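One structure coming up, written as structure tokens, with questions to follow.
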């Protein structure tokens, strides 16, 4: 790996932060097949949303706001760009008029990307995109574990009679054997519901749900210790829905739920992923039309970087 | 028709304008089948959009802003509520995850509505909805004429390989024989294009396109005199895309094009429809997430009322 | 009560959440006199405000945002719609030009509503509306207790020489014998003041004030245990001013004060009301023109639902 | 008058435009009684509004935006500060809880101001304030003429049963003999109405109403030539409602009506007032909470300066 | 030139418009030295502004909004991408802390770019950037003519004692012999001023100024016929300040002036440049923080494309 | 000092809060030389910012929002206006085109102000302004201690090659001997970095940095006890960067960092300054163009008042 060119985010001392390419962290734009260890990928799909749309605009907005990120994580001393080849691999060309076709496009895109040996860090788009990504993951890794941070469990059986939508991906993923339900933990669940079927499904399948009340009472450190137990040493996928964070921080999302956790707590949770075997991550449901001064997209960008740190460590551990 | 109860919009002297039901003009909520002459109908569909979404939120926002409308059109002396039974017939329950299914749902909804003898005045939603409405119109009236005000001709053959999307409805409608192409006029067309195929399609089918430069040079009165000629005395459908109006007036839309006409010109154009045989109207593509202080929705509400006036006259002329 | 029709909020599987009637939780619009157990009522009055206006627009905006609420409270397992007849009873037609007349209109409206046996859950409007509601409450129940969550004690003697304004209702209510001062607790008080007269009035009348510093130090559970002691087993009124919640969550209000509590804490507080004898509730001071992406109104809607749960339990306990 | 100190607006070369005092045009703050020829006065009242409030915030916002104004009118070569003593006389301390008392406060304030020989240029506030100002005007000048630019005639008899509100001032003013109805012209009238009573009142009293359609057809020059005829050589009052201007320019107002005139046309109209005997002017109904980036307030500030030019000429002509 | 690769903007049928690279029109990112005929260049400088800042953010925002542009100009039938090699050459790395140094950086950047034979189409940044660009232009072409569309003449001698700022570039350019003053036309001038020095400077140097009143009276066609006369057949530079357009269209700018022209008129003016010898263009003073829903940036992007069309024709005419 | 006139903020009972002068807390506008004990001073400079500008607009916006502040601090019982002569001393006339010259202007302004015996409480402006203020402080007091609340340490050596910018003031201040590094504490530090040089500089100079993780773990009370130890009994300067507070509370700033502390914690920290010898305070980096409904400016105003309380106590202790 020694002679490969590594990329540092474009520094504010070379180009003012408000200029330069609007790629993630102002990294080079590059295909996964060009020897990348990690690729930032956008999936601008929002036709799986049930309330407020707009997540289609998130990859562009998150990239724009990511200009303020510097390469060194002061809290954990992680410096992922110093040892891995990381770039922005652009967007998946989803079909915005047909959800079923888009699912297929995303699957094929991730199959090809994973075949290069690159690990994806995905910017949604709505949460529907987790299903095709997990299908590709499963073809490479077999069933994976899941650390899922969200206000919603997203294990509905159907929405408006449809099996595929942004409220159903994890039920489908369990049914299709993409996930090992015993290695699933869902953190931050809250809000009103139509009935108790989410809880029933989780209970029936051995999925661990940590409601917000429990998270608030125990704190992120304790909950994440349990999450690490559940995740174990096999590959996991990390799915971070921005609506897990309270809407006072992240109003730019489609189905906000009040009474959520803070960005500080979100950072603590992600930092506790260090050492796990992370096969991929996503950050979903940022909706710029409902954002205020780019702050939700900025949280999205910041959390993408936080996710990169344990993900990069996971890759380095393998090599 | 004499003993039927007619409805006046709730007056600001009975309930302050900022209170009362959030129906269109604070009219009663009622089914078309309850003897309505005209029904305001919402179709909250926006999964046919190719750029900025949000038109799903338009029916609610237009209704909210319509609270400021009073029942008497001072410019034309029209008083539609004095002789017709007009109410708000609610929304069509589209399937927001599947465009094809939604098309079917809308068709069936309008078939049923038209069967009651009621004339619909529709709030979109994106422009895709014109296709299923025109299919229902055709089953009742045969091919109809079209007065189409818009920045875009919406006669693409395909978008991203799809035959049905918000840029294709009028090509489909011509192909399916829903519209009589010789009785189509499209007004306000402008903006950049991928090629000249819109113009070619119009020319090949005898559709009259009035580009913005011609509209600005001749003025609304002269253009509408021609439109009345083209429309003739047979039934027509009127489709008003809010993006025909310049985005300085109506920023809350998905594919704005600069260099448009004013709301004053829009009002003049609609007022010239008086005396035509209008089988139905729609106002589409208002997108509240990109609006400013409700002004695009307010234009939408105001233009809905302007459309009601010649539509009501058309109904009265028949009875 | 068995054969009465109960109403469930319109489900997102019947009508997309962005469509359907803009009533509270998309419930039927109905008069209290039609056998309702609980009525959601809007009082769109804001001429009692001393700084930023706009609360007149709150009932419409809260209703719009309430579309995202589902009927089942996952945190407490409450399902109020399963056993009570609950609907949206519309707005009080206040006189927006005359505060005194509006007070009279509200009083008469609540007298009539309470006479039907229905319990009101009110959306303000500014806090002035608590006075006429409490006058009606008193005629039915005698002096009631008060759980009052707010940044301000609202016990000014006068504002600009006026006895009735949004900063005075609870002093008037105590003076008029509407409230039993020994059964009043005010929680969340903070901000600058002109002098110590608020504290003096509270002390002189035996009113318990819990300042924000105490709330933060003790936590909501402990403070609410005390609140339950103070409230006792007799009827209480619950008045929830949105500005009690920190403006980072709820910027859409007229007199924000920094350093407030979170929505999670607000939910905890309201959930501790379960088991008390609640004669009525209000949620006031949401001001949509200063809101961001509807988030304050969404908090308002969510808290209305949280208030409904113990209120419904209180009604069920009686029957 | 020769030795009096005159005031120039603070120059951008002395203090950057974004700094300095937030008075109108960064003029000195001064009492009318200190020998002023012209006083800018704010009347932050908005409890006369029937739809969207917020005009109470206009004087502060207009003053803030006025920082960009330079003292020389390039279009007309007017330089009012070179020969008159002009300053910012602050706000009238209205009672925001009681419209009737506020009317009295305003009357007394303008009586005192006019007694000093100073001419007021008023920033509203809603249009209700024209009534008490005209009462004071009448006591000094007898009945005056009126050039009234607005989307609404504001000659309702009542609103919600009230005689005094922002839709009634000019009917009251005619009834009370404050205005000479033969010397009234109302320009820009449009929008829906409840009935034809506005027109009837105007006709019955000899008031000239120029609807928007006429203004657009004839143009500002021709209409203003007529206005000058009507105004004659006796004192007139000029009342400029920002909602006369189209809401694409001026969205920050309470009762916008589409299809209005442009700011360029507004400037042309005001410039044609040069040479008339102007006893006072107001600019009303700017509502900052509904504005976008201060543009409506900026129009308000710019039009205040345009109004100052003919008003100053009128004063100079007398001396 | 035949075998060179030409670039088409990424089509909406290959990648949804809300995805793909955030370059101008989703063109390739490329250095001018890579054989480009035309380069889109961003200069994110705003420390020359005297009122509202924010133009530093314009290049990114204009690029983002340009995603909606298609390659074919329907009004003029221009298809610049069919015969020229056009790409996005990124931003100039200005020094945001030192205006003088930034001037030098920009000069050197344009010297290098012009040396490659590429023609620049620049996105500002504030109007200060015209000076260093013109210095580079002069070194290549000698003194050039200027078509300058703007609300302000930008010929101040000093601002706050400084010779270089966004209100002075064209006086400096005349003094330094960068421009031939007899071949300068300034169109759209309006607003208040400190004195008549702008007019005096123009008169003294033979610069033609067309104030807004003249433009409105004569219309764009007539004024542009004169502009073509003045420009003649030698190289000209075109400088388009977005604040020339009325702020109802383009609120996102730093020193808006009311009473401006429309985007339709702006398009007409630029289209009349066809056939002139255009050495370079800029579009300046878009300020995203004061924009609404991206509409000013969208106008900026649309006008950039309009400018490209005559500029491309000029290049083609030479080859 | 007994016979001096003291000033109370204009009461809401004398003038509605939305009216009156837009000075800080509606205090008199007055020069420091007029015997003031404390002066509120604005420094509208933002050309030292590296990302989002706009802080130039902060002094006006903070003053506007400060209208809601009442004179009595209920939490601490402080009543600073009862014993000190406090007024608004206006803005420093910085040169917005030249950072170096502005530094000189600010130094001279503060030298003159401090010479009057008045203590300044400064509204920035960006953080660059701390350097010239500290230079003036040093000339009066010798090296001072520093309590610095911020997300960033602002001890960069250079930004884009410049020694003076908003990320460097405290390194310069240490190098120039303006601060005693042993008496510096920086609280709230977080976010990504380019390298560890901030930490290295702090360590090398004995500066105490409390990162956010430590602050969250220990709590404000414990950290501030340490801060008081470090500050000691000699004069200190207090610099409060609004971006220390989490952007959910204070989005209106130029370089927000997620994961910050709350306004409640900010208030607690400032209240613990009581009893220290405070020579001056600033509150910087509020950027109104990125704010939402004035809430960041309102926090700024509220924190200015909190800072005034211990500062006033410090002055009183000396006299």
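Worth a mention:
We call the chains A, B, C, D, E and F, going by the order they appear; numbering starts again at 1 in every chain.
The rule we apply is simple: a residue touches a chain if its C-beta (ideal position, glycine included) is under 8 Å from a C-beta of that chain, and two chains touch if they have at least 3 such contacts.
It should be emphasised that the depicted structure is a prediction, and the values quoted were computed from it without experimental measurement.
Considering every other chain in turn, the ones in contact with both chain B and chain D prove to be C, E.
Chain pairs C-D and A-F differ in how many C-beta pairs are in contact, and the one with more is A-F. Compared with chain B, the chain whose C-alpha mean position is the greatest distance off is F. Per-chain Cα centroids separate chain E from chain F by 40 Å. Looking at chain C, one finds that residues 16, 18, 50, 52, 56-57, 96, 159-161, 246, 248, 290, 292 touch two or more other chains.
By the document's touch criterion, interfaces exist between A-B, A-C, A-E, A-F, B-C, B-D, B-E, C-D, C-F, D-E, D-F, E-F.
By the touch criterion stated above, chain A contacts chain C in their complex at residues 50-52, 158-161, 189-196, 199, 211-213, 216, 246-248, 251-252, 255-260, 290-292.
On the side of chain F, the complex with chain D involves touching residues 14-16, 18-23, 29, 42, 44, 56-57, 59-60, 63-64, 90-94, 96. Those residues of chain B lying in contact with chain D across their complex are 11-13, 16-18, 67-75, 246, 248-249, 262-264, 266-267, 292-295, 298-299, 302-303, 305. Residues of chain F touching chain E in their complex: 46-50, 52-54, 56-57, 95-99, 159-162, 164-165, 289-290.
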